[in-house]
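Notes for the one structure printed next.
For clarity, chains are labelled A, B, C, D, E and F in written order, and residue numbers in each chain start from 1.
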C-alpha cells in the first residue's frame, strides 16, 4: 500500500541531508530503540513540523506529570483502540507491555480495556479518555469531579485531557496517511 | 460553571509574572485582536506547554501551505461542529466570517457544511476532514486519490490531515476542561 | 443550489395571486419581521397546507402554555442542532437571541446546549427534547417523572413533547427540500 | 403503565362534553372504524389542538396527492419502524395490511422493509423516508434527483417529505407520552 | 428475490432423498406445526450441519432450563428486533403469541419491548439480552449481579447468554442468506 | 474478576469426573495445544451443551469448505474485533499468526483489517463478515453477488455466513460471562 521508502502513503521525502541536530536525535533513537520511529521519518520532510511534533510529544509523554509514564501509555492505547489506529496501537501497545512488564495488559487495552484488572484510579483515567474520544461534548463537571475523587489534581486532569487529545490527533494523522509502524515493535516485550 | 478568573474549569493559574517573551506575545494579541485568547491563558500555567501549543498552532494555521488560511479555518469549523466544541466553533466561526467576508458561510459551516455553496476542492477538503473526524480508520487510498483528483498535492494532503488532527485534539481538550471562549468573538464580522 | 425565486430546491410556485387572507397574513409578517419567512412561502403553493402549518405552528409556539415562548424557542434550537437543520437553526437561533436578550445563549444552544448555564427546569426540558430527538423509543415513566419533579404539569409535558415533535418534523422537511432561511435572520439580535 | 381511562401516561382528560362538531367526528370514527383512535382522544383535552392535528393528518394522509394512500401508509410504517413507535406501527401496520390486501407486506415493513418485494418507485420512496428519518442533514440534490428519476414530481417529493416529517413528529409524541394503540388494530386484516 | 424452491437466496438444494432419520424429523414437524420450518430446509443440503443446528437449537430452546420456554422465545424476539431479522421475528413472534396466549405481547416485543408490561425478572432478562446484542463488550460484573438480584442462578445466566448468542448467530445467517419464513407463521395465534 | 478455578465469572463447575469420551477429547487438546481451551472448560458443566458446541465448532472451522482454515480464522478475528471480544481475539489472533506464519497479519486483523494487504477475495470475505456483524439487516442481493464475482460459490457464501454468525454468538457468550482466554495463547507464533 505504501512505498517501501516512505513511512506513509504520501510522497514526502525527508530533508536530505538532515540538519545536524535532527540527525543526532535520530541517532539517539537508533541507539535506544534500534530504529527511528516512522512517525518521525514522516514529519522529517519539514524540520519545523518535526520539531513541533517532538517537542509536544516529549513534553506530554516523557515530561513531568502526576500521571506515570505507564498511565500515559495506557491512555494512548485505549484512545487508539477506539480510533482503530494501527500505527499507534502497535507502537504504544509495545510501550505498555514494556513499561508494565505485563504483556497481557497491553493486549487487554488493545482489545477491550474493560476486561483489564485495573484499580479505580486507572479505570477512571481510561473511562475519561474513552469518553473524551467518543463524546467529548458530553463531558461536564461531574466527570471532572469523579477524577478528583480518585485522587487527581487539576493539573493531572489537564495532562489526562492533553494526552487523550494528542492521540486523537495523531491517530487521525496516522490513519489518514496510512502511516506504517516499524516492524520492530511487533515482537517487543511479548 | 467556570471561575471567572480562570479560562477553564480547572484551577491552574497562569505563571505570574509571565516571562518577558510570553508577555510580549500576549501584548501583541491584545494589540491585534483586542484580547488574549483564553486558550493561551489556559496553557500559560506552564510556559513550555504554552510554547509547544503556539508553535504547533502557528505553523499549522498561519505557516506556509498549499491550503489557504480560509480553507484551514473552514476545516477547523467543520471538525469542531462534528465534535460540538463550543470554544472552537465560536473562535474559528468568527475567523471564517472574517477571512471570507461572508458571515453566512461561517454559520453554514457551524450548522451543516453540506448546505454551503462550495467548489469541488472545498467540498473534498471538508468531506475528508469530516471522515477523518468520525471514522478515520476507514480512510483508504481512494480517499486520498480523490483529493489529488481535485488538485491537492501530497503536501496539501499532509496539511489537511494535520489541521484536521489538530482540531480533533484541541476540541477535546477544550470540552474536557470547559474552556470558555472570549466574549469578543461573538460579535466579530457578523 | 436553490433557484433564487424559490424558497426550496423544489419547483413549487406560490399560488398567484394569493388569497386575500393569506396576503394579509404575509403583509403582517413584513410589517412585524421585515420579511415573509421562507417556510411560509414554501407552503404557499397550496393554501390548505399553508393554513394547516401556520395553525399548528402558532398554537404550539405562540399559544397559551406553561412553557414560556423563550423555552419553546430554546427547545426548537436544541432539536434543530441535533438534526443539523440549517433553516431552523438560523431562524430559531435568532428568536432565542431576541427573546432572551442573550446572544451567547443562542450560540450555545446551536453549538452544544450542555455548555449553557441553565437552571434545573431548563436543563430538564432540553434533556427531554434531546432524548425525544435521538432515542424516543427509550423514553419511559422515570423520564416523565423527572419533568414533574422540576415542576412541570402533565399539560406542560404534552406541550414539550409536541414542540419537540414539531421541530423533528419541520427540520426534516426543511433539510429534505433544501429550504433556505431568509438573509435577515443572520444579523438579528447579535 | 397508563391509566385505563387515559390514552396516554399523562393525566389530560378530554373536554367534557365534547363540542358538537367533535362528537360528530368521533361518531363517524366509531361508525367507520368501530372505535375512536386513541390519538384523537389524547388530543381532545384541547379542541384547537385536536383540530390542528386532524386537519394536518387528513390533508397529508387522505388528501389529493401523487402518492397513493397505500404509499403514504407504507412510508408511515417505515418511519415508525426506525423510531420504534409502538402506537404508529400498530395503527399504520394495520392500514398497510388493509389497503394492500397483503398482510405479509405489513409485517415486512414493520420488521425490515429491505426484505419486501418493492418496485423501484416504492423502494425509492421508502429509502428517502428512511434517510430523512435517520440522517436528514445529509440529504442533497442527488437524493431528490433520484426520486425524479423514478417518476416523482416536485409536488410528490413535497408530499413524501411532509408525510415522513409528520410521522417523525407523531412517533415522538406517542413514545414520549406512552400513547397506547386501540386493541382493535391488532387483529385487523391479518 | 429468492427462488420459490429454495428457502434462501442461495442455490443449495436439500439432500435428496433425505436420510431416514431426517425425513422422520421433518415428518414430525409437518405433523406438529403443519410444515417444515424453512431454516431446517436451508440447512438440509448437508445433514451434519442440519444435525448440529437442530441439536443446539433443541437444547437451548426446548431443553431443561431455569428460563421458561416463553422467556426464551421472548429473548429470541427482542434480539431479532434489534437485528431486524425478518425470518426470526416472524417465526418467534408467532411462538410468543402462542406460548403467552397474548398476541399483543408478541407485537410489543417485535416493535419496542420497553412498552410491554413486564415484571422485573422479565425486564432484566430482556435488558441483558439487548445489551449483549448491541454492546456485549460493555457487560461487566454489575450486569450479571443485577440478574442474580432478580432471582437468576448462574446457570440461568449461562442459558440467557447462550440463547441471546444463538439468535445473534441465526439472525445474521438468515439475513445474510435472505432466508424466507414459512407463510404459515403469519396468521398463527393472532 | 473471575475465580481462578473457573474459566468464566459464573460458578458452573465442570462435571466431575468427566465422561470418558470428554476426558479423551480434553487429553487430545493438551497433547496438541498444551492446554484445554477455557471455552471447553466453560461448557463442561453440561456435557450435552459441550458436545453441541464442539460439533458445531469443529464442523465450521475444521470441516470441509471452500474457505481455507486461515480464511475462517481471519473472519473469526475480524468479527471479534468489531465485537471487542477479548477471549476470541486472543485465541483466534494466535490462530491467524500460526496458520499464516505472518504475525503482523494477526495484529492487523485485530486492530483494523482495512490496513492489511489483502487480495480481493480476502477483502470481500472480511467486508461481508464486517457488514453481517454491524448491520446484517442491510445485506441484499448485490452483497452476495459481489462475493460470487470474486469467485465464491453459494456453498462458500453459506460457510462465510455461518462462520460469521458463529463468532457473533460466541463473542457475546464470552463477553457476557467474562470468559478468560488461556495464558498460553498470548505468546504463540509471535
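Convention: a residue touches a chain if its C-beta (ideal position, glycine included) is under 8 Å from a C-beta of that chain, and two chains touch if they have at least 3 such contacts.
Because the structure is predicted, anything quoted here is derived from the model rather than measured.
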{"item": "Neighbouring chains common to chain E and chain F, by label", "value": "A, D"}
{"item": "Contacts common to chain B and chain F (chain labels)", "value": "A, D"}
{"item": "Copy pair chain B, chain C: interface residue numbering same or different (half cut)", "value": "same"}
{"item": "Distance-maximising chain from chain D - centres being C-alpha averages", "value": "A"}
{"item": "Centre-to-centre distance between chain F and chain D (centres being mean Cα positions), rounded to whole Å", "value": "44"}
{"item": "Chain C-chain D separation of Cα centroids, rounded to whole Å", "value": "22"}
{"item": "Centre-of-Cα separation between chain F and chain A, whole angstrom", "value": "30"}
{"item": "Where chain A touches two or more other chains, by residue", "value": "1, 84-85, 112, 137, 140, 175, 178"}
{"item": "Contacting chain pairs - touch in the sense defined above", "value": "A-B, A-C, A-E, A-F, B-C, B-D, B-F, C-D, C-E, D-E, D-F, E-F"}
{"item": "Residues of chain B touching chain A in the complex", "value": "1, 9-12, 45, 48-49, 51-53, 55-56, 59, 63, 83-85, 128, 132-133, 136-137, 139-141, 144, 154-155, 157-158, 160-162, 164-166, 168-173, 175-178"}
{"item": "In the complex with chain C, residue positions of chain A that touch it", "value": "137-138, 140"}
{"item": "Sites on chain C touched by chain B in the complex", "value": "1, 81, 84-86, 89-90, 103-104, 107-108, 110-112, 115, 117, 175, 178, 183, 186-187, 190"}
{"item": "Interface residues, chain B side, partner chain D - complex", "value": "112, 114"}
